[in-house]
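Two complexes come next, and they have one chain in common, chain A, joined by chain B in the first and chain C in the second.
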Partner chain A sequence: MPDLHQTLSLANELNLLAAGLFLLGSFGLIATRQVLDCVAVFAWQSLMLAASAALVAHETHLGHLYVVAGITIATKTLLIPWLLTRTSSERVVARREISQTLNVPTSLLIGLGLAACAYFLAAPLEATAPGARIGVNLPIGLATLLMGAFTVTVRREALPQVLGILSMENGAFFAGLAIASGLPLFAELAAAFDVLIIALVMGLLTRKLHERTGSTAVADLTELREE
Partner chain B sequence: MILLLIILLPLAAAILSFWPSHRRSIPGVVTVGATGASVVLALDVAARCASGVIMTGLSGALWCDAFGALVLVVCAFAGFTAALFSIGFTRRATHPMESLRVRRYFVRLDVFLASVLVVPVLANVAFVWIAVALTTLLSVFLVSFNRNAPALEAAWKYAVLTSMGAALALFGVLLLHWSMRAGGGHTFTWAGLNAVAKTLPLTLVKVSFLFMLVGYGTKAALVPFHAWLPDVYSQAPAAVGALLSVLETTVLPYVLLRMLPLFPGASVRWAGSWLMVFGLLSAGGAALLLIQVKDLKRLFAYSTIENAGIILAAAGMGGAAGYGAMYQLMAHALAKPFGFFAAGTAIFFLGTGQLKAMQGLGRRSPWAGAALLAGGLAVTGAPPFALFLSELSILAGGAAAHRLVPVALLTLFMVMAFSAVLYHIVRIVFGEPTGEGPVPSFPKTFALTLAISLAPVLVLGMSLPAGVQQLMRLAAATLGR
Partner chain C sequence: MTLSILFNLLQVLVVLVFAPLMVGINGWLRERIQAKRGPHILQPYFDLWKLFHKDERISEHSTWIFRVTPYVVFVTPLFVALLIPVLTSYPLFFAFMGDMLGGGFILALGGFFLTLAAIDTGNPYGPMGASRTRMVGFLSEPVFMIVFFTVSVVAGSTIPYIVQQRWIHPLSSFFDPAHVLLLIAFFMLIVAETGRLPVDNPSGHFELAMIDESKTLEYSGKGAALMKWGGAMKFFVLMTIFVNVLVAPWGLASTRSLGAVLTALPLVLAKMAACILALVGVESSFAKLRLFRITEFLGAAFVVCVAALLIRLMEP
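Coming up: the complex of A and B.
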């Protein structure tokens, strides 16, 4: 981002801040052990997504992005955390992940590596079709997408895995703010609905798992296996 | 209008099925009626598209050409037979007092079917993504129908892995939107993208294609993203397995192959190579894994992966093999539900799906044994069935396009899969019975479903009507080569 210093308006500067905090959320999801705290981290990350949407709306005068920001806050910051804690029982939410596939420092280091990868992957794409904010939103969004996938694979508890998937979608949408801001509002609404269904279905499934097996450590589910 | 009606029919059946009633048969009858009507409408759409018409609806939101119509017809037909099979299945798998559970099953089946049928008729690429993501979420609780720990484990793996795939595919879709804007396009539809295909920045289209290949490929259970599929199929009810199998070998290849025309000139060979790599990996991996299965539904699960691989590899070879890919897509989607219903019937007769414990099926119930044998022959491409001709046309088409190495590998994998499936099934049907016991009478809905779902595979294996040929030729032409 060499030309950033010349073009840095207040909105762009704030967008940069939101992007930084957004990425921090991905690291938070990897490192946080308490399930309830993970939910809170996700809610904050979604708030940063909404902030970035509002800032892009302010810069580009694309009015529908304000609506997108509003929908994001309503669904991802408020409704989904409530749904997830509500559908899965209290005991699930109060859980702490004791044993981990990888310890926290190693996981964070790998997360850092993925973020660096995302930056180098995004660079040639930016070169093909440059545009405003793409230099910030594309690499950060891609990094969150990759780190979300990593979160799903290293977390052993059900809810953190769900949050990993939801943060992957957050990453895709964060990049989308810069590269696909022209998507019709109806598509954004439908996508928000889709994310809501993910939270609902996975929350209910977590609850059933807990009722049936007495545990939500999904990594321990290994009954189905090719002998 | 007619396109909209095809989607609305299952949704209407869902609402009617949920209506509380003391008669347990109502949800099933309603669902069969609605899905039967949608098959008739889909056939009408296919007949029009076969003459080169492109149908639209809902002021352009719905859009269907020959490729879409082909997928629509086979999915609608699979939905109809699955609903029919489910009537007998739910009657036996649930307690007479559990009418709510039966209602829920049919509501979920209807809504899931609507989400499957909407994919091939949606014009906007972003909406296609949402519909594909919904097909996962709406089928999770169909997979966990048995409500025991293994079923929930399978449902969890299914939901987590395919949702991860969906997020990756979403990124691919957004990249495609970016490339459309950069290329000067305005409508984010398949047709709108094709119109500006020559001006799209190639790097973006390529990266977008790769994200979609991995994302949608996870949902299509391509090797190495296939881990969830055998678990899901072994736990899901047979009718749900049949529908999922059709979804993974028609709708997902449809979405991926729609990307091919966006590669201008020689770059399409690049995309074709990726399709061949994943296609051959899937066909070969599944053929190897078929040898060691111990569960009947897993057998058909790996055969699904193999066929998804064959279809993608054939489409990747290009030329005349593209026609073979469409042929295979249709023939497999007609044959595989029959295989699953035959497996479900056999499991009903023996009370187990373990291959070892199933031996002697032919002695205990000759009809169930014959059905399973026919199912095994039909899904592996033995002569009297449609899949034989489609596999031949792929191999001939590939050879004509001078793709000799992929053709040789595909032939090897097809023979391996054929031998493995037949080895297991012959042992079940003709083996010595291990257990004795009273044999239940053959349920009428099972017999009816088997007869109805076998008919098209058998008929199309003997003669291919000109209309069907024309539809497949037009569908192959949409691949852009």
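Coming up: the complex of A and C.
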């Protein structure tokens, strides 16, 4: 590993830091035990996404990425957490301990393994595009994608699973900052709106689920029934 | 050369004299933040004075280990103080005698004797506390190891005097994610190793819930004083490693003159007080974890630290 440290600018270093804290957020989503804390961790992760977008914008002088950062803060750190806590009923949000299929240390270690996988997956991808300015965003984005999928599998409650899916989207977005920073603003806007609608629908679904079955434990929903 | 040795011994003296002060500040700040009046800042000194003037009682069923342990606990942090930068940002006489790993081993020796002494008297609470401390210890050991690995990967060395310069040259590398994540992980380690609130409740007096305290219950008089003082110095040394080696060497003396070294002293103490403020904030905002949740707490510290290493690998 060549030591290129001297050449990194402050903005680049801060982008790396945002990436690190972003990754920490996806570990947090795996390990956090309380629903409200999960939502807070997701908001924090999205904030780091916005910070990284702004820093990439600063590096590459792509003005529209600032707008993307703004949209991300507005939808993912403010609107979606608010929507999720509002639409799903009180009893879902106030539940303290979420049950998990694996215990916390084991799932954290699996998450680490996934992050290491993402590192090795990203290396050949980077080799295919030697000219592109990819940086740290691609491996971290991939890692978050994988860990979001893992969150969905390991959690038993509906709301944390929704957050897992949303964090997968975050990861894809984070990787996209590196490979497709020239994406038109309209596409980003559409994606942000889509995610908002997804969160709303899933939140309402969770609420209905809780009203019908009295719990949001997904494992209990094994058979279809007609009314 | 003689100046170098002199400063090195001065560092040991600083650790010796100011360690109880930090414990006092910690206790006072904690009570203040929780809207109580709090003990006097110098209370640990009064306690030591009182204990040194009291009679000592030693169980006739105990062996030499029980008698030797207070001295081991008292002396080991002083040896670590020879190796780490307490006041200066340039290497002193004993700087290359051992690295951070060596310091860790010396501190572990004190912990080892503490465990033996707790089992020695046959008091039922001693072995219980000792086994719990061992549990926390063997969970935090891998985190310590990964911290040292990460440090040696990032800084290319584990000699504290070399490591501390790595974080500020150039200044932007202070925000290196490996650095920030390391700080988070080591902070969690300090909480676990010195028996602070999410892991252990230092102000509790209920023996069944104790982790750290119950090991020294059998000591009285001079032995108790040495144990208390040694514990305070271990805390001081860990804080020094955190504040001076891992955060940044700001405020340390960079020239070889006695004046510069003496002006560094209040700056270092101020830095440490700021760090204690953060520690007290954590202590006042978390409830004690259940015993088997400590695995999760230290597991999280481990993951944070490995993430630091991973991101270091991913860096362009």
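Keep in mind that, in the parts below, the second predicted complex is superposed on the first by the 211 of 227 C-alpha atoms of A that agree within 3 Å, B and C clash if a C-alpha of one lies under 4 Å from a C-alpha of the other, contacts with A are read in each partner's own complex, and residues count from 1 in each chain.
In this section, contacts are C-beta pairs under 8 Å (C-beta built on N, C-alpha and C of every residue); 3 or more make two chains touch, one makes a residue touch a chain.
Just so it is clear, the model here is predicted, and its values are computed rather than measured.
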Contacts of A:Phe27 with chain B and chain C, given as first, second, both or neither: second
For A:Val136 in the superposed arrangement: first (chain B), second (chain C), both or neither? second
Applying the document's definition of touch, where does A:Leu205 land relative to chain B and chain C: first, second, both, or neither? first
Greater chain A contact set [chain C / chain B]: B
Determine, under the contact definition given at the top, whether A:Ala158 touches first (chain B), second (chain C), both, or neither. first
May I ask you to decide whether A:Ala217 touches chain B, chain C, both, or neither, giving the answer as first, second, both or neither? neither
Looking at A:Glu169 after the superposition, I want to know if it touches chain B, chain C, both of them or none. Which is it: first, second, both, neither? first
Please work out whether A:Leu125 is in contact with chain B alone, chain C alone, both, or neither, and reply first, second, both or neither. first
Under the stated touch criterion, which partner chain does A:Leu83 make contact with: chain B (first), chain C (second), both, or neither? neither
Once the structures are superposed on A, label A:Leu196 by its partner contacts, choosing first (chain B), second (chain C), both or neither. neither
Give every residue of chain C touching chain A within the complex, in rising order. 170-173, 175-178, 180-181, 295-296, 299-300, 302-304, 306-308, 310-311, 313-316
If we count contacts the way the header does, which residues on chain A are in touch with chain C in the complex? 1, 4-6, 8-10, 13-14, 16-17, 19-21, 23-24, 27, 31, 104-105, 108-109, 111-112, 115-116, 119, 122, 134-136, 139-140
Mind pulling up the chain A residues that touch chain B in the complex? 124-125, 128-129, 141-142, 145, 148-149, 152, 158, 161-162, 165, 168-169, 171-173, 175-176, 179-180, 182-184, 187, 190-191, 193-194, 197-198, 201-202, 204-205, 208-209, 212-213, 218, 221, 223-224, 226-227
Can you name the residues of chain B that touch chain A in the complex? 124, 126-127, 130, 133-134, 137, 140-141, 144, 147-150, 152-157, 159-160, 163-164, 167-168, 170-171, 174-175, 177-179, 181-182, 188, 201, 203-204, 207, 230-231, 234-235, 289, 292-294
